[in-house]
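After this come two complexes, each holding chain A, first together with chain B and then together with chain C.
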Partner chain A sequence: MYQYDGYDQAFVAARAAEFREQVGRRLTGQLTEDEFKPLRLKNGLYLQLHAYMLRIAIPYGVLSSKQMRTLAHLAENYDRGYGHFTTRQNIQFNWTELRHVPDMLDLLAEAGMHAIQTSGNCIRNVTTDAFAGVAGDEEVDPRATCELLRQWSSAHPEFAFLPRKFKIAVIGANADRAAMKFHDIGLRAYPGENGLPRYDIWVGGGQGRTPRVAQLFEADVPFERLLPTLDAMLRVYNLHGRRDNKYKARIKILVAEMGLEAYRAEVYADMEGRDLSPFAEAAPEYERILAHFATLPLPEGEDVTISGDGAFGEWIDQNVTAHKVPGYAVVSVSLKARGAIPGDATGEEMRMIADLAERYSGGEIRVTHRQNLVLPSVRAADLEAVFEALVEAGLATGNIGLSSDIIACPGLDYCALATARSIPIAQALSERLRSREIRVRQEGRDASGPTLNISGCINACGHHHAANIGILGLNKAESESYQITLGGRADEGAAVGEILGPGFTAEEIPDVVERIIETWDAHRAEGESFAESYARLGKDVFKAAVYEEPVNVAA
Partner chain B sequence: MAKVRGPKGPSILTANEILSGEVVYWSGDAWSRSVDDAVRAGDDGARETLTATGKAEEDANRVVGAYLVVLDAVTSVPVELRERRRLAGPSFPLPHSAPHAA
Partner chain C sequence: MWLLDDHGNFDRHEAIDTGREIPGETPPTALPNDEVITVRFGGYADGRGFSTGNRLRKMGFSGRLIAAGPLAPDQARHAFQSGFDAVLVEDDAAERQGERAWREAIKHSVGELYVSGIGSHGPERGIWRARHDH
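Our next item is the complex of A and B:
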């Protein structure tokens, strides 16, 4: 994996030292909260509902075992023993104390990590396919592009105060495992000439209160034009993005208001006559970065077919994916055990994953945007041993990609912006859906089901718009009410879900969701996914099933 | 800046302690972690005093984000959902390292 060079290392260490000094000035009263707030946000420190929350960047979701142990150490020594992996492939600590943050940032810097640009109106952590570099279906490893973009966007002086935050995702396979089209800019990399990729550039995707699927800005852009084009795209956005209304400030609104054609014309006009010589560095830098990822220092594994029964069989079917090197497998570790809090891991669990990665997966771990972890390169012959170790830690739930693999944001149990809770809803659904999955599998039937995502407010950090079944928590007259959307998709067929109808109470949600799944089961054509059935059936059949008969509320 | 949120009614002053970030309530002469210690303002004059106290305490760098929470006059429960949740804390046991069921 990529290692910081001396420049990166010195930069993050200097930023940590700078923040220590700023905290010192805050505590002696030299800085007021109004002055300090933008500084703490620049370093990922929020004030949430109950406490300060520190959001730490995990660049494109890649962690070494050593870095995971640093996170475990922070969880155990500076928080309440756990952390929360987010849909942005980052981690958040919910119970941080201001007095400890400088020490935490020092420890992170030592491990080659930081919390810079995890907040504020800047280019955020670039996200990607959690299977990057190892996926059997991959054409280009997106990590080198991500790292190039990390370097380009980190402390980019022109883009430090954009109209609003800016999110970029990169993929290099047909299958979209990064919700690429729900980003401000999405890149699909293809193999190009001389080992340098070409890109389709997508723009204007996003969630929040105005969900949009990105549109194709330009297809087949050669590597040399990638950074100049992104620079110009950001520059035009920076100039024209709405700063008067934060709900209209994202690039998706600008592109919708200007029209894609006009936006594109302005970007090209901006590029004209610009000195592109600074970008000449990009190609040699890309090659240098690529060398870090020319991993797979893996000896060819023995190509064995692994299968099994019971829990091991389910785990193999759901959590183990084809690797590009024969004899290896990609192992997903579910953070969605029955009744668990999606994305939460204790320090002990983090340490255990770090150890497993070191022993079985080249010391590398990935964080997925679905809030799970990945051991990217496990020898097929070691799968059983890995499974046994995960069973012991309670991390062997074989539900990756099933409905109980729920995305949920922190919601009103932690988040200062929330309108309702999301975690207890996820927990109740997980209990219900996991029972169904186990039962259906025991009956020898297909246990797959719709994707299910939950957000605690319209900001949609829980990606509810992009789920087959989305749940949005709202505040109706100071009570929680949950709105359901159907038909959203985060994959290559990206789509925004449609609102089903009036909302439900928290208690009603498990029955409502179960009824939706049963309705799908009853109307489903052979082998059809929920999204496919929904596209064919429309929402009326689901609406009738949910609203025409009263929903039983479980006691 | 202290600000009054939501409807009017009996109110208490809350904030987050600057160093620890913990939720605290104004007891009349100090900040307490327990809402039971909170002094209640029953009229506009008392509310203004509490608001001024919040501002002064922020200026003294002891707390951040001070504001008034309005309580139901009968039940003494915060009127706003957000404040009820903030008062109650997370609604589940926090994760710990005992293994989960598969």
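Our next item is the complex of A and C:
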């Protein structure tokens, strides 16, 4: 994995020192709260309902065991013993105190980590496929591009006060495991000449109140033109993106209002005649970065097939994926145990994963956009031992990719913008769906089901638009109401879900979701996924099933 | 009025030649022939002025470029690195934000960047350049 050199180390240390100084000026009143806010946001610090929340970047989702232990230390010493992994491969600590944050940043800097641009109207943490570098279907390892973009965008002088936040994702395989087309800019890397990739550049994807699937800006862009193109794309957005209404300020709205053609023309006009010497070192830098990712320290193992019964069998089927090196496997660790809060992990759990990674996976951990963790390179022969250790820690839930593998944002339990709770809804659904999955599997049937995501307001941090079943918490007539969307997809067939009909109470949601799944089961063709069935059936059959008979809710 | 220049001098002046003033949100479409241009930022969180500075330098504007508006000391490096020579600070802002905060703005900022842009007057050399340009 990427290791900081002296320059990287000095850079994060300087940023931490800068922030310490800014906090000092805020505390003495030299900076007003209005002035301080964008500065603290740029460093991942939010004021939530109960406390400050610090969001730390896990660039492209890669963590070392040592870094995970730093996070465990922060959880135990500066939070209430846990942290929350998010859909953007970040971790949030929800109970921090402003005066402690500079110390937390120093500890992070020592571990080669930071909170730079995890929030605010700037280029955010670049995300990617959590299986990058180990997936069997990968054409280009996207991590080197991500690191290149991390460096280019960090403390960027011109793009630090954009109209709104700006999210970039990179993938290097046909399968999209990073919701690439739901980003402001999405990149698909392909193998190119001399070991440098070529890219399809997508623009204008996003969620929030106007969900959009990204459009193709330009196909097959050679490496040399990647940064000059992104530079111009950002500049046109900075100058022309709307600033009068924060809900219309994302690049998706600019592209929609200008039209893709006109936006493209502006970008190319900006690029014309530019001196590209600032990017002259991009290629050698890419190669330098790539060398960090190039060698998998793996002797080829024996290609063994592991199978099993009961919980181990389920875990193998759901949580273990093929590795590109024979004899190894990619292990996902579910943070979605029955009734758990999606994405939460205690300091103790973090330490235990760090130990497991050190022992069985080359000291490396990944964080997925579905809020789970991954041990990327486990010898097939060690799978049983890993499973047993996970069982002991209560982290062996075999539900990756099943419906109970729910994405949920923090919602009204923490978030100042929330209109409804999402965590308790996720917990109730997890109970219900997990018992269904166990039952169905015991009957010898296929337990797979729709993806299910929950957001506590229209900002859609819980990616509800991009789920097969999306749940959006709203506030109607001073009580919570949950709206359901169907047919969304975050994968290579990216689609925005359609609203099913009037909303439901929190208590009704588990029954409603179960009815939707049963209806799918009843109409499903052999081997069909929920998204495929939905595309074939449309929403009427689900609507009828859900609205024709009232749901019974036990009082 | 106070002026912070890219050498770190921060002084109060009775009168400052601010040349032609243009709003941060509208970069000129043709190369201006003024000796001094002041780009007025519409708001503290409105970063358009930085791109306007960049565009002016890209066009080949080689005169003096001043950033004005409700900026904070923390944005001084952004201005210099986007091609500005100086930041204009009103008296009341200098007083409230602290003379020292302005004078030490560059010292307290992230000094080095990975990529140094064309026309940057910032303190950085560029980490990529340092790594590869031996």
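In this section, the second predicted complex is superposed on the first by the 546 of 555 C-alpha atoms of A that agree within 3 Å, B and C clash if a C-alpha of one lies under 4 Å from a C-alpha of the other, contacts with A are read in each partner's own complex, and residues count from 1 in each chain.
By our rule, a residue touches a chain if its C-beta (ideal position, glycine included) is under 8 Å from a C-beta of that chain, and two chains touch if they have at least 3 such contacts.
Note that the structure is a prediction, hence the values are computed from the model and not measured.
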{"item": "Chain B versus chain C as contact partner of A:R80, first or second or both or neither", "value": "first"}
{"item": "Which superposed partner A:R225 touches (first chain B, second chain C, both, neither)", "value": "neither"}
{"item": "Touched partner set for A:E35, first chain B, second chain C, both or neither", "value": "second"}
{"item": "Chain B versus chain C as contact partner of A:R338, first or second or both or neither", "value": "first"}
{"item": "First (chain B), second (chain C), both or neither touched by A:R524", "value": "neither"}
{"item": "Overlap of chain C and chain B interfaces on chain A (superposed complexes)", "value": "34"}
{"item": "Residues of chain C defined as touching chain A within the complex", "value": "25, 27, 44-48, 50-52, 54-55, 58, 72, 74-75, 77-82, 96-98, 101, 108-118, 120, 122, 126-133"}
{"item": "Touching residues on chain A, where the partner in the complex is chain C", "value": "5, 7-8, 10-11, 14-15, 17-18, 21-22, 25, 30-31, 34-35, 38-39, 121, 151-152, 154-162, 235, 238-239, 243, 270, 273-275, 277-279, 281-282, 284-285, 288"}
{"item": "Residues of chain B touching chain A in the complex", "value": "1, 16, 18-23, 58-61, 64-65, 79-82, 85-86, 89-92, 94-102"}
{"item": "Complex contacts: residues of chain A adjacent to chain B", "value": "26-27, 29, 32-34, 47, 49-52, 80-82, 95-99, 311, 337-341, 344-349, 391-398, 412-414, 418-421, 423-424, 427, 475, 478-480"}
